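Heads up, the next two complexes both have chain A, just with different partners, chain B and then chain C.
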Partner chain A sequence: MKTKRLLDRDEVLGPLCLLPVVIYMALFIGFPFVMSFVYSISNVTIGNPHYRIVGLQNFIAIVEDPVFRKSLVNTCIFTFVSISIVIVLGHILAELLRREFRGKWVVRFLVMLPWTAPIALGAIGFLWFLDSVFSPIDWLLRTWGLLGSPDSLFGAQSNLYWLGRPELAMTSVILVHVWRILPLAAVILLAGMNAIPREIIEAAQVDGAGYFRRLFHIILPLLFPVIGVTILFATFFTFTDMTVVWILTKGGPPPNSTQVLASLAFLKGIAGGDLAQAAAVALFFFPVLAGIAAIVLRLVKKAVVT
Partner chain B sequence: MATVEFRGVTKNFGQVKATDGVDLAIKDGELLVLLGPSGSGKSTLMRLCAGLEQPTSGTIAIDGVVVNDVSPRERGIAMVFQSYALYPHKTVFDNIAFPLTVEHMAKEDIRKKVEWAAGLFGIGRLLDRMPSQLSGGERQRVAIARALVRRPRVLLMDEPLSNLDAKERHYARGELKKFQRGIGVTTIYVTHDQVEAMGLGDRIAVLCEGRLRQVGTPEEIYDRPADIFVAGFIGIPPMNFIEREGRIAGFRPEVFRPLELVQGDELMRLRYRIERVENLGGYRVAYGVVDGTPILAKLPHRYPVTEGEEHDFAVSIRDIHFFHKDTGLRIEG
Partner chain C sequence: MTGRISRRRFLRTTGMGTVGLALGPAILTSGCTKKKAARRTLRLLQWSHFVPRYDKWFDPYCKKWGEEHNVDVIVDHISLSDLRSTFASEVAAGRGHDLIEFIDPPSDFEPSVLDLSDLNQEAVKRFGAQLPATTKSSYNPFTKKYYGFCHGWTIDPGDYRKSLWEKVGMPDGPRTWEDLLVYSARIKSQLGVQNGIGISQELDSNMAERALLWSFDTGTQDEGEQVILDNPKTVEAVKYMTELYQKTLTPEVFSWNPASNNQLLIAGKASYILNSISAYRSAQKDVPEIAKDVFFTPALKGPRGSGWACQHVIYVSVIPTFAKANADLAKQFLLDLCANYDRAMWESELYASPSFFNAPVPEGDRGYTRVEGAKILRDVFNAWFANDPYALPGEAKGKLLPLQDAEKWSANVGHPGPASPAEGEIFGTFVLPNMFARVAQGKQSAEESVKQAAAECRKIFDKWRAQGLVGGKG
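For the complex of A and B:
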């Protein structure tokens, strides 16, 4: 009786409902965040947990490190290229999924699959797809005569070595990552498209606008807030993701052709044991991502208000 | 300006017949109201005319030219949607200008035309605003200005007043009629509101379940309804029906009056048991029964009645409509 009355009070019920989230965020986001900050200004390593403050030394060291700079450039390429592809393909996919056709739910299910399947599993699948010797893609190319003979399109060698050549490795990593976040982007964009009133699109049609004018003058501007949010999410997932890179290439082929910040932090901190420098690398995300989030959210808000 | 002609137009959505063999001709410069309950096919008919839907069979002709295979943009039509469908990210100016920019018209000409249309509807001072900053009535004017700015051959309006409050709607109706007369554009107007239909239409086409029931002037529809459906749909409160000598006799609540107030030689006298009286300000409506059939009456001003008692009421024979018992069609005579 007494607990019931207590729960009826908003000032009790509200905080109580929020509590799990607050605990979760404090434990799994707040605590590691603070720890990485604490580590980044110290000389802590796995072998020597004795804590001594060294100031900004770690940051100076990583900025001067050519591997870090290479990883930073790679991360930017990786993020920018995959997001661009994801937004364009996601839009096309959403447009297709909006149409009515037989077996739509099966297709929707299949489209969502890469997102629901564990990423490690999918990446391992691709590891085999892109194998240097047994790659089925190479096998198909050879069968079609595009690979393996002196006059074929992709060269005379028997395999493409997807993960073994610097440019091709980056391409492979990007494509696998696109495969992974495309469903999420498509579903967000689909929801955004469905939220545009049908009458507005029909009005444009009656007003004489053809498909591309409707797309660029009506639909895309109205989708802008949704696209902004999609870019935001996709950027975060890409910028901070190391699973695809780690499983496919571990940052290789040498020298660090596909090394990104997240994998570098892992390499330094966990594999190399230098927690302090790893924390400094990881913290580098923070101002960058916070800045992107602020810009995108501001643009989105502006678009919604008008 | 143009005529519009539907010939045997049928549209199926799966198993459902939205419109079923509709033949209808709209004259040049006329305002024709498509009236019917929801699901009667009136919006479908308009969307077919706009080219937003393709007929399953039959033809639609504008100015005598069959337009079945002509895209909406080439039909020379304009449409005002129920939600107004203003482009929320464009200013009022850009909204009205949109149909013109699509035609790649010169900037200066666009400005002139937009100002002309805006002046017509008194929205010149709103041109820099965004749609979200406008009231319902203002949005409606912008929507109509956008529709008229490129001088369409046919104007289609889909319940354009239904999002206005009752008072705004009253004024908007008068203005609409004035503009339509002034510009003289052939107009098809869809509504489920019979008051709007009676007040606006040069002619009314009554639809039910995809079929055309009657086409005529508001007077014809009211005075000589073609069947029981039209008779019952038009008029507030709705017409009473009672079975007499193997036919259905229909009479309106406004002509069903106390015996001593009814004039004429031939009367149909009825014992009317009044169960409840509703005071609607300007008039009162009585809910009662005659021989077990529920009957409504519009009571004369200050006429005393007692709830729960029987009264002598009557209708003049002239005011009674007779309908066939099985087909529901009007019996002349």
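For the complex of A and C:
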């Protein structure tokens, strides 16, 4: 009887319903996080789960490591360029998807496909697309006379070697990643755009505001909280992602031209056997991402309040 | 009233459902375990073999072995790329498979696996001496522990297109690294077909770069596990590779994965690659006209006459400490596998070679036409490599003959020292391909790049020395 009465009270039932989520997060997010922190200050290896605490040795070692520094720079380039492209293209795509046209739902479905399909599948498709010998892009360029002869725009060589040249490899990795997260950004921005009251836009139109004035003085300021959330999500997905890099380049072409922190952590921990340094590399994300999240959320909150 | 669900009822129903789902499998499994308690189970974790035919033979073989020993044998095949992470999880959990087969020396798992000195001694007693390079891939001379048992390995020869090499006046393919540079440059300029040595962050490039260093009388470490990379011979090898890249390769070799050189050969777009005979076997099935044109060379000789190749695959099995209760079964299984290695060679289409060449060939039906007079595996090996039983009709005879003495020019990762965890990390994090690539791409001088790679190697060695797994001095 007493239990029955307890369950009827909201202050008991509420926390009780939340309990599974809390347990889930503690087990699958909290525990691994604590373990990775402990690992990062230990000398644990892949083959020996017994370890001793070594302090900040691993952090000092990775900061001194030129491969880590290169991966850090690559991660920043990968994230900054991807996010910039995603925000601009996402906005254009959202703008297009807002308009009424025949087959809109089919187009929306197709736009969402890269996000809903397994990324490994898409990346393997791109692996063929960007193949050094059999790339259909290169084939098209050769067919159009843009590649493969001395007077061609892209040079006399038969292929562009998308994944063999450091700059082209980084470009390829960024573009594939943009292809993947663009739908998510577009949908978030679309939802934000739809939430802007039509009267405000119409009033501006009546007052003679052109497209760009409306965009920069009304739509973008009102969209700022949504853009902030989009940047936050996209940054987290990009900063912590290794799938695209791993499938396309494995961090290459050498020397580590597209190596990012996530792939370096995997390489050090699993292929190299040094779990402790891998954990230190992985934990490097945490203060950076926490800082970005704090700044963006603060700005968003400020924008909403004002 | 009846159609509505109360909070209490909802909680009770979903709660019971969740508990049922969580405990159901455990209850069911415990019932099965009790039933089977009388019969022991041996669990094998096996990589999915590159030659599918091998697994088709191996699984029924295990089952039959289990029946003969009153044991249930469970074989789990997983992708090669998942093998280390899966075993690491098992080590951390303290439970899992009883016997795990790797294709590279798992020396960093030494603290978590049983010492197999007794098994190795018993194998030598039964089958004769083990190849030194395979011992070096399963034994740590510093801790004096056999962390694994190496039953076989794979040859990594040069695969060349005879028709192309004939046209530039070298019908038998290159014999030295200098030949490779001079003649494959001619093939590229005259016939438009490139050479196929990778400089990428992948396995085959790692092996090719090691073969080159050893043939130039240098390497990452010496026999005493001291880092020796930073020396003029390494600089010489790096400069050679830069010239090889400029004259015979294209930037695509920086983007390669382990399958790329096979694909290039099969597509008829490579004059020479360093790979096991699997590339040739694939060509036999997919493009027979290319396969008929593929021939083999032993390890290429360097400027002072040394010629080494890296063992392509090294089959090392380990028994985790948590599987101690089944160690006797696992050891028996491995000894019996060695005793049946003629079948392993045959079913892998000669991809696998034995560590114990003097093991006797068993009597009776072996699933292949018996080699007349063959008493030990060496006899069978010589006969098959003299006259390839898998050759296509009309194919030239004796193609594999240059590989008959492959054990003399094949070395383990870490040669001339052992395959230690430090060597494993250098291999796994691609220190050497990066060293060669920096110079080939013009980003560093050979001297600077070698110095940087040597510094990386020293740090890795020092780290593993601190773990007590590597000898030598820091």
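The rule we apply is simple: the second predicted complex is superposed on the first by the 299 of 306 C-alpha atoms of A that agree within 3 Å, B and C clash if a C-alpha of one lies under 4 Å from a C-alpha of the other, contacts with A are read in each partner's own complex, and residues count from 1 in each chain.
Everything that follows uses one rule, which is that contacts are C-beta pairs under 8 Å (C-beta built on N, C-alpha and C of every residue); 3 or more make two chains touch, one makes a residue touch a chain.
In this text the structure is predicted, and so the values were computed from the model without any measurement.
In the superposition on chain A, contact is made by A:A204 with chain B only, not with chain C. In the superposition on chain A, the chain among chain B and chain C reaching more residues of chain A is C. In the superposition on chain A, A:I270 contacts chain C only, with no contact to chain B. Of the two partner chains placed around the shared chain by superposition, neither chain B nor chain C is touched by A:R99. When both complexes are overlaid on chain A, the residue A:I218 reaches chain B alone and has no touch with chain C.
Of the two partner chains placed around the shared chain by superposition, neither chain B nor chain C is touched by A:R5.
Partner chain C is touched in their complex by these residues of chain A: 4, 7-8, 13, 16, 20, 43, 45-50, 61, 65-67, 132-134, 157, 159, 161-166, 169, 249-256, 267-268, 270-275.
Residues of chain C touching chain A in their complex: 7-8, 11, 18, 84-85, 88, 91-92, 106, 108-113, 199-202, 250-257, 260, 263-264, 267, 269, 421, 424-425, 428-430, 433-434, 436-438, 441, 443, 452, 456, 459, 463, 466-467. Across the complex, chain B meets chain A through its residues 50-52, 72-73, 77-79, 81-83, 85-89, 98-99, 102-103, 130, 132, 146, 150. Interface residues of chain A, counted against chain B in their complex, comprise 197, 199-200, 202-210, 213, 217-218, 221-222, 224, 303, 306.
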